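All chains are identified by letter, namely A, B, C and D, in their written order; residue positions are counted from 1 within each chain.
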């Protein structure tokens, strides 16, 4: 039946302190495409190869972090299905009317055991990827791809107290697969869980934290390690605060750079990683190999990476 | 619900004239890993990052082409589901016992409108990707990745007379999505149809041909255009007959080289291409842009590519 | 003593039919930087990482081809040295006053045995590479690198009748090294000669032609095969006529695409190739391997490449 | 006159504690090719695309660091020229007979102001790069390029007290060019000097240290950032101690990984960097930008990198 149900993290709303500073960061420097102007306290962005109107929403706030995130699901009927399934699971499901979010159909909303607000929607208007649908060619006009040349929103990593409950929910209600896990070598406690419903090694991941509703990072896809180095050049040029300079994750095998937006929210540019299927065996890392699991070029765990969240 | 039903083309059986010549081509030069020795007239291969025991079977024959191909499906119950659905659709479904194919569970088999023999199976034993499941690291031992450094079997392209019926079958029975189509600009006849049930721009494709059961190519995934050029270096070194030297497809946006095995079967090494979801709009190319649809760096259609099949 | 005498092909003047069409091709599409506006029938360009004011001059003409080319030499005194040496060698040397060419010091000019007009100069004003000389950083501002992302003029290939005399002149007067040669396997006639005075596998090359003063191509350096594919994407998008889509040369081992400007002059984008030193052994290709010498991914010689010059 | 006089660092002798451990590191893991077996306390290596018999010599010792390094010069007559020039400059020049070093012609040897032993030689026998000189093709046989896929020895960085005297010597006697310098922003003291006699952004560099004769690193050239990430994968796999994971230097613009051999000597794998000519302006970095000068992706200076030498 192919990819059904939850397709991908189709929208993340990140809280930022200053709209103009954030526009410079996400628009000019990362190179996301600003697509909608509504409320002056919000900006809407998409990556160059995304068709839907927006995938990243910045919201002015005096507190950084993630406001909510939303999975796009395959069909409108999925919303009713998930509404029932989540209610049965014991969560309180709210209903959001079409149009409350710009260009978007109706949504359901609920709070994860980790404290995060999650939404699901099936419809969002399309703005396209800069190329026609008939005889599209392979590359949009000069300037459409710019800054760090990000292609699309790839995944998010969230922190919370009860990530095992999240894991159970994503498996049982959303039929997602645990691609990888990081466990304590002492007591097998799950410290991080990576979940996928696609061919990507992860769509969403959760890391154990002392408090809930924490935001670790939002990740943007790049085409190649050449573009990763190009992104690193821009990050250095603009003196964007870096958390982790280029490296390869053990988990996912993706190549990565981590850096911070002007409000202290962590961003990632990401490329590579293996092709995942539901029959791909789950990989388990334990804390004897925490360094290799996180940053496999030097096998060094980084405190900031493990402990700084917004 | 993530990826369900047909996961991927998990197995292709290609007919070759000479086993030793083919072993040199697919094993030493392409770098596939030979994993099973049974019948002396067959060889079984997998790509470096595939976990299942084999994905390519070479079978000695005096006629080149594709003997059969098989999709792996998510669960054993899918086999009963597809058995019923295919029978209702009007196809004759045969049942193959577990173990008839090495390391494989039961299968169903049927003939597509295009004349090709297709199988579906849910179980195949795993041999792994050269790395453990606990603390796997990111790269197997030296020598495991070799030759053209192919990662996995990516997709197949088949030729037949009634590709519209195939298209309908893959959509209605297998819930796959048409990612792209090539149509005649004169009468809108479908000349090629690209189908996906994953994040790949295609899992299988069909091209209109005057006769049925034709084999256009089997494609192997590479990591980067650097590896594509490295593959090209080996292809040139070993004087492997080339159909198309490096180029980028319009359809799929993948970077490609096409070449022939010693029996005249076409192989492809492939990298890149966009990330597909079921809500990605279908792209349509017409024959006014046949060159760009096939080879977008020079927009030149190639006769051999369009007309030579085995 | 390091690199002394002739440093590089510092300037090529190519004849074009139409200035605006050529500006679109060389400026917008290839991405060269237009740096000087003088005579309305000329345009002056440099690559993004070149410091001198210009390296490519387009001159309006009703005949395509190369008007002249110029090597930059290390010191002003070299001009007197080469003046004497060339005169002794039997060539007629003309003197060009400083300022006749914009931003340029004095030059000497002479006609090669192949019929081409060659100049040598030691001084040209610098405009820089978009980055300061103190704490320069690693990447210029957005937009400075654009189009095909060419870094610099790399080399030229010229055609003429007496390329053996050119070879002798470049070796004996200019102390350059023959890096590679293509010879007839029947009678050892030299068909192409590749000369270098640097670490590049060639700075200039000559190919045997029935008539003199012919222009085969001017080549621009790219950073990676990723950028080569990006250039190919633009070439296809703009429907620039392609001579050879991506391939690797046997000679030089460089990765290449050849295409034509609107006046029919051949351009190349080029990346890679080995590191050459004067003690690197000369490589010889014979016509039994003409395909591999020219295009090593498929070992196919191309008629147009061998025979179309302006 | 092309490249004359000193061509390149053609040989470095590094002291190591244990021969077998070092063979595993430099041979199996870095992938250098062992080419000579003489004295059991020495190993001789070359990179895959080097033609001379060896460029790296490991010598068993109970003290790590650099024993000597040697430039290859263009002609035998250069040795007499440099003998005179160095003597006039005030250095004591020793003469080493042909054959004292395996496969090598005569040498001259002297001590630099920084305390390092430097040699110059003009002749070394050639073993080739795994490809013939007639119709060589573009890629050697499988297995010739292995491990980290290093192409050649690229450059060395040495530490000493009087680097300004070294700088003067390399400029005045060897006609080399200062490509870049790092100076104190307080008093303009030169802290690091980068010298080139080729198109590379540096052939040799010196960094100010409290004591003389110190070894900072030997660097090996890679083809691409893809190969840099591949090297990083192997470094992580083998748990080779890493100094700096992937980053881009401000100085030279090269992409880099630094790691240590089993004796604590620093190695680098390096790719990219700009094309240098004698007329390229010297770039100056001051200590206000020490981070960007060293590691431009995060602009962070590293203590270990600045202060750990052997």
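Side notes on the structure shown:
Just so we're on the same page, a residue touches a chain if its C-beta (ideal position, glycine included) is under 8 Å from a C-beta of that chain, and two chains touch if they have at least 3 such contacts.
Quick caveat: nothing in here was measured; it's all calculated off a predicted structure.
Using CA-based centroids throughout, the chain positioned farthest away from subunit B is D.
C-beta contact counts were set side by side for A-C and A-D; A-D has more. Spacing of subunit C relative to subunit D, judged by their CA centroids, is 31 angstrom.
Our note on geometry: subunit A versus subunit C, Cα centroid distance of 47 Å, whole angstroms.
Between the CA-based centres of subunit A and subunit D the separation comes to 43 Å, rounded to the whole angstrom. Of all residues in subunit A, those that touch two or more other chains are 137-138, 223-226, 233, 236-237, 248, 292, 296.
Considering their complex, residues 224-226, 228-229, 232-233, 235-236, 239, 242, 245-248, 250, 255, 257, 292, 295-300 of subunit C touch subunit B.
Partner subunit B is touched in their complex by these residues of subunit A: 1-8, 49, 51-52, 72, 74, 126, 128, 133-138, 151-152, 174-177, 196-200, 221, 223-225, 248, 250, 253, 272, 274-275, 277-286, 288-289, 292-293, 296.
Subunit B contributes residues 28, 137-139, 142, 146-147, 223-224, 226-227, 230, 233-234, 236-237 to its touches with subunit D in the complex.
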